[in-house]
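Two complexes come next, and they have one chain in common, chain A, joined by chain B in the first and chain C in the second.
== the complex of A and B ==
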């Protein structure tokens, strides 16, 4: 078996809450291959950001901690790595960009210094060489007047420019895997397209894997090779991007796809999935999606289905009793 | 930055003008005739008239102000009613002990207060935080005059390490500065803790960690500078209160400073000296606020560039 770039297995992350603890991530499995873009999709609060922070081990200063599972990056289990070695990987082979470009840069430090920090740290460059590299990176992400902008402060830049700076920063040490947590959510639609194009071209140039966290299916269609859909801290469906849109298996995924408004269709009301994501401390007993599911059966309330392969398809999984029924029927008829 | 600093400096001028008017009016705001008050109860009318003329109180108010200002600008603050000495000379001999005392108190209070605050925030809800909190709350609760007396009793009387008062050696300043700085240190410790905790939750701190920065770089370079912006405000305000505190500390430790001079001149109703001290304290407040404003500019590029 070939080694995946990133392999997450049985990852669980707990948050201390009111004396007890709740699982924000409850046993997540997925993998990313070299040069592949995996989309991690789901509503707010489904645990996708916590998953990414767990991979980066950036849960410090949150009440959360990884309680089970492994995160293998090029074969090394990051969960077990001492902090000192983890630090050598962060910002180096494994980089991350965040949702909020407006607040993710330090307001009192010049752009140049913030860019140079990881370069000096991981690539061992001196001050001057790091600055040159920083300017080079800024040019690479399409920032005009890069040699002047390195001496600016974040508040002098627009949101789109700041996100470009964040991308330049993340890419500066040529990471093998980039985790992008809703990189375009806070930006204008026109800027979103620019940033997506930029990420696409950079990814191809550098042959880098990417974990793209988003709730925007448009972004998924634009960038991803494969998609993992999360609900209530669990993976509910896994598919190639084509399969996902053509033939979604899990009712939740169908709901997500249907809730995207279509241009040609005239509708009075926008489609939505009824109900809300359940509170982490009050999870339903069986399938976590059952209370909102239109196909709910008795079995769904009694027992949680497992994430099982969809018959006959590679890297195609669904966590639904319906899929398992279909699998069984498919098996009988064959 | 230059423009910002200039703006702040120019902004001080009208403030100083208002202060000078208020201080000038001080003599006229005292109930009754100041000349009569100064002369005493059994003074003759001639004596009173003499004092009135000597102080220029018989001139129209605006003329008196012009007179007062021109004297002030040439460094003449009049003569002490009690001793007849030039007030300027009296102040000159008293200003250094007070300056040293306030400076030393502020310096150690800032240093230790910040240190306790940062350590408490970084080790939140663990033992260093509890120790820091305990130290800060004790420091805040202890009244200055009591602390001063206890310190004298232990370190001067029992152990004999420091003199009980006066300003003969550098050692004389140690106990008074501890006494004067204690409250501010505690305040700064609490304040920098909460400000640091707030900063540590910011997105850019996470960015710093995601870049693989060492924790001390994240805290020292990324968090501390941002939380200092808030701490500077409190420190500036507290500095003003130091002046009030110095009156008490100078009395307890018999330090011949401005605070003691104020107490003495109030006791003797030495109005010209009180007037001069009011001017000095008010100006000092304004200067400290100016310094705080300039520090904002140094710490926060947003302020520096938006002006």
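== the complex of A and C ==
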């Protein structure tokens, strides 16, 4: 098997809280191949963003700490990398787009300068060449009048334009992997579609891998090749995007898909999954989803299921006793 | 239906996003217009500009030689010849006040400048790196804070010996912790901002982040605190000179003039009145300007 671009194995991230610590990410495994878009889906508070920050090793200013596991990027384990080398990878091979375009640019610095800094640092360009490259990147992300706009301040741009600038910045050093943490959540719907199209075409042009973190299943369907569903710091289901929507195996995934309102159906109430993500310090003993699951069985409360392949398919996994039962039955009859 | 779709397709997908070029006043323009709305502070600022001009052009403005004794008019009250009267050596008090402006401003401004530079560096380091460095700097500040200001200054001058340059050091030392504390708190909130995280995610080095992203956030606080501290520094320097620990009595320092005049308070009160008024007005002006700057630079006080 070829080497994956990014391979996360058994990643655990702990946050110190009131003397003890809680695991925001409790053993996450997934991988991304070159040129592939992996969606990371889940409710708020399920550990999506912490996972992305752990990969980038940006937890330094939080009480969080990676306590176990490995993050292999082209074979090197980022968890063990010294900070200095990590800095060379950040923004260069590994870039990130944040959720809030309104606040991810420094309001007192001109856009050109903010774009040029990482270019000068990673690509070793001079001031003038970096500026030209910045203008080129702005054109690439579809910003009109790019050569005028480099001298503007962020407040002179709209949210969609700022997100384009952030994408231009993240793409400026031709990263091999782009982590996009809810890149369209803060934008209005028409702009969302434009940004998604832009990311799609840029991804294809540059043949980079992408980790798309979102809670918007529409975005997933639009952009992703494969999907990893997270719940309470764990991966509960992994599938190709087609499989996931056609045949969700985990009750949580099913709930997520059902809670998306449908266009052609008249409904009085929106469907939802009852309850909330459990408090990290008061996790149920067995399956973490059991308290909210409609199919809960005794076994679910007693023991946590493992993330196991479904129907013998590669890259099709589910963490549920139900699918594992079906699997076993299917295996017997076959 | 078909009409509809043509209309939808007609506009370029970007057209909704492009903002018309808006003429904005910019941060500095906005600040100036806000500051100018505050009459008191504006007047005070005018007074300070006048003082600075006097400090620069002092030697050309004095009606008499400020060091020349004239034993015919010892301790004369204000008159047409000597507007502010003369002192115990018959020196013209107005000339000495004018000449002393430079000394007073130089001492207080340089002391505050040193305190601002040191305090800002310490505050940035303390807030950004946290940990043991933060604890060390903040506990050090606490130690300095626990002394009454003037007592600390007296202590420092007692160690270093009297003289104006030591007064500058003493005033700078007790001004530093307040800068460090203020800048630390601004740093703490600035380093949590998303643009700092974004810069970090692009691989920016710590030094770069501090200088490019965090320092600019602290500038308004530095400006306000400088203007607030200058008044205190003038008072402290004058007090030290009054106590005989600063300027030599021959130097036309306002504090030293007060000190000299004290002996003749009952027979020639004007010798202390005029330096006293000068100190009072200058300190008041700096404090008023500080208030105005704070209001104009505080983004929360939009009106």
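Operating definition for what follows: the second predicted complex is superposed on the first by the 334 of 334 C-alpha atoms of A that agree within 3 Å, B and C clash if a C-alpha of one lies under 4 Å from a C-alpha of the other, contacts with A are read in each partner's own complex, and residues count from 1 in each chain.
Keep in mind that, in the parts below, a contact is a pair of C-beta atoms (placed from the backbone, for glycine too) under 8 Å apart; a residue touches a chain by one contact, two chains touch by 3 or more.
Since the model is a prediction, treat every value here as computed from it, not as a measurement.
Novice: Are chain B and chain C a fit on chain A, or do they clash, once the structures share the same frame?
Specialist: The answer is clash.
Novice: In the superposed arrangement, which partner chain does A:122 touch: chain B (first), chain C (second), both, or neither?
Specialist: The answer is both, since A:122 touches chain B and chain C.
Novice: When the two structures are overlaid on chain A, which partner does A:190 contact: first (chain B), second (chain C), both, or neither?
Specialist: So A:190 only meets chain C here.
Novice: Counting only touches as set out at the top, which of chain B and chain C does A:92 meet: first, second, both, neither?
Specialist: A:92 contacts both chain B and chain C.
Novice: State whether A:247 touches chain B only (first), chain C only (second), both chains, or neither.
Specialist: neither
Novice: Of the partners chain B and chain C, which touch A:156 in the superposed model: first, second, both, neither?
Specialist: both
Novice: Which of the two, chain B or chain C, is in touch with more residues of chain A?
Specialist: C
Novice: Can you pull the chain A residues that chain B and chain C both touch?
Specialist: 56, 58, 61, 87-92, 95-96, 98, 100, 103-109, 117-118, 121-122, 156, 166, 169
Novice: Within the complex, which stretch of chain A touches chain C?
Specialist: Listed in rising order, the residues of chain A that touch chain C are 56, 58, 61, 87-92, 95-96, 98, 100, 103-109, 114, 117-118, 121-122, 142, 144-145, 156-158, 160-161, 166, 169-170, 190-191, 194.
Novice: Hey, which residues of chain A end up touching chain B in the complex?
Specialist: Counting only chain A, the residues touching chain B are 56, 58, 60-61, 87-92, 95-96, 98, 100, 103-109, 117-118, 121-122, 153, 155-156, 166, 169.
Novice: Using the touch rule from the top, collect the residues of chain B that touch chain A in their complex.
Specialist: The contact residues of chain B facing chain A are 200-214, 217, 221-222, 225-226, 229, 299-302, 305.
Novice: Considering the complex alone, what residue numbers of chain C touch chain A?
Specialist: It is residues 13-14, 16-19, 22, 24, 27, 191-195, 197-205, 208, 212-213, 216-217 of chain C that touch chain A.
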